[in-house]
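Provided herewith is a single structure, encoded as structure tokens, for subsequent inquiry.
As written, the chain order gives the labels A, B and C, with residue 1 at the start of each chain.
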């Protein structure tokens, strides 16, 4: 049995268009799944459905074999965290310390136990020196790390990242991606990451491609990118290496290697045959 | 924005900072009452002296208090003008171009002004030494009895603390939108009335739409982290009364008692 | 020379205990008709620099020449409107500046402020909207009903409609998906190529900078540390390291090819051009 089973889920904000249309896929325990698709493909809606922030009216979502519904959503929620795109709009407390405490207060953790938990998770995201900082004195990347610490402190099984790096500068992106890869490398936490970052997709175990609300592909990232033409059809970006392959194919040079270095080797071999 | 002193928290460590916010809130009410009761000048003097001592304990310079009076100057002048026009009792103090200003007018004004200044000093003392979050916790505690009549004290406190948290963000946002509109030729300083209105709209409408967007996202983030309005939660900050808090309240009660007594015996 | 910074410094909260020097003695000439990138880490002073270009900020020290306007420290500016008409600034997340009831009215807002007659302002707005790819049936809807990418384009049209000579873009593609980003970049490149607009782009996206920008300005902690041709900067590994910049993949690929004995001309900066030149050196 998979940890998360999404079965024929549809959702619409208004009558005219379905934002998510009959989507089904499974997420295995401990895996790292990326979801790609251009803006308006239904990625964020799907994330909110899984996180229980939108009600599933058509189809069902099962976690550990149990259907998520309005009655058990609050208990399910303790197993599930979500990191949103805008670092400012998810900082609830007035300091780093208070923000991490926010979730703990909801979880009815005793006041005297909180400091130890806050310290532990602040350390985990490398913010132990910033505990008394106010949000306006933190960078975007630091704020996202606070959000992650706040979620980790609640000991979830699943964390959803909803374009969590898209508003960050390169340094912040790097920090958050590293943190995500670290979390993904263990078996405890299952990660679903909605992203535009092709390089991140290559790091994941599984990739779900959405187009106009529908499931377009669901496969290993290598398989998804094996057919760049298909991704181009729905106007998605492809990894740099595939772009290189395409550019040379136009000049009837076939490159087979899986990395840039290998490709340069191939080019060298054919040029020395002069 | 940076010059605004009234209501600003000064993040230092002092004896006044260490007091429980609830004690300080109660103290504030007692002291304000004490300022309102007396009719004698020298009671004001005593209260002013006590306040000066408190300011020393709070490590807040007199300069800051004087600065917090600045916005009041216009109001005081206005009061004096109104009083001069209406109060016609006592001796004539001086003449301005054939218009007599009476002694009572000046003294009545001074009396009100001194009360106001004392109140501002007391409030500044509270806000300068209490971080906004603790203040909200204090207010929540004071409102707690109202929960019996279904007043959502905790939710109100949560709202206030979130509002406080977002003030710097909104100020930043305002600056950015102003700059964007200035780049589209908006002049926020000069112009005819119709231009002024359009300038203000060009700032207010985007500010509101951003604020709503933020509110929705924040609500999602809070819900996702297990917040359900009205449901019991534990608290990270727990307020604890200590001996010095009782002592502080006791002193404030004494001053109020002294002030009330002054009305009967002086 | 349309843009000339002369020993310009800017200090936030001057004369306050927490004063902060955001720009430190900047001497800089930006070429007319070129695409210039301004890059540097967050807090390096990029936004402060570009906010001087239309006098949103006035220099604390030194001076600045933009087109025919001269802005000196400590002087009150009298030509704000014409300057702001000639220098269009597109802010980060510019969609948040939309406020009028309809898309077309919002785009015409700038031209009206800058003194175009109402009829002409509407005409300019319509032209600018078409240029950014907003169809006519969207002109009369509320801008708040559009998607994020469309809102961004309407906001950009609002600047283009003012017909500025210089367009300054602060992270124009932040938060957009790759397709949306490419469309916006292509639009500005074509404004540069067909109408000769001078472009100044503040960006964190080194790949984009390398692909499209003629010159690059690098700021670090408020100081100008590099100004020169973009390709020279990216060819210099030492400099990239010094400025803590990631090497775009295309640059790594190009360098690798050159190291392995292929010859590539300086113009070969896109994959298409590289493939074409390499193809000639490889036996089919």
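Methods note: contacts are C-beta pairs under 8 Å (C-beta built on N, C-alpha and C of every residue); 3 or more make two chains touch, one makes a residue touch a chain.
Note that the structure is a prediction, hence the values are computed from the model and not measured.
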item	value
Most widely separated chain from chain A, with each centre as the mean of CA atoms	B
Pair exhibiting more inter-chain C-beta contacts, B-C or A-B	A-B
Centroid spacing, where centroids are CA-atom means, of chain A and chain C in whole angstrom	30
Approximate Å spacing (C-alpha centroids) for the pair chain A, chain B	45
Per-residue overlap in chain B, given as positions that touch at least 2 other chains	none
For chain A, residues that touch 2 or more chains besides their own	none
Residue list for chain C, restricted to those that touch at least two other chains	none
Footprint of chain B on chain C - complex, ascending	13, 16, 51, 54, 56, 80-81, 84-85, 88-89, 91-92, 94, 96-99, 109-110, 112-114, 144, 158-159, 162
Interface residues, chain A side, partner chain C - complex	38-40, 85, 139-140, 166-167, 169-172, 196, 235-237, 240, 243-244, 247-248, 250-253, 260-261, 264, 267-268, 270-271, 273-274
Residue ranges of chain A in contact with chain B within the complex	48, 51-53, 74, 77-78, 80-82, 84, 86, 88-94, 97-98, 101-111, 114, 134-136, 147, 150-151, 154
Complex contacts: residues of chain B adjacent to chain A	132-133, 161-162, 164-165, 168-169, 172, 213-214, 217-218, 220-228, 232-238
Parts of chain C lying in touch with chain A, wherever the complex brings them together	41-42, 147-149, 174-180, 204, 206, 246, 249-250, 252-253, 256-257, 260-262, 271-272, 274-276, 278-279, 281-284
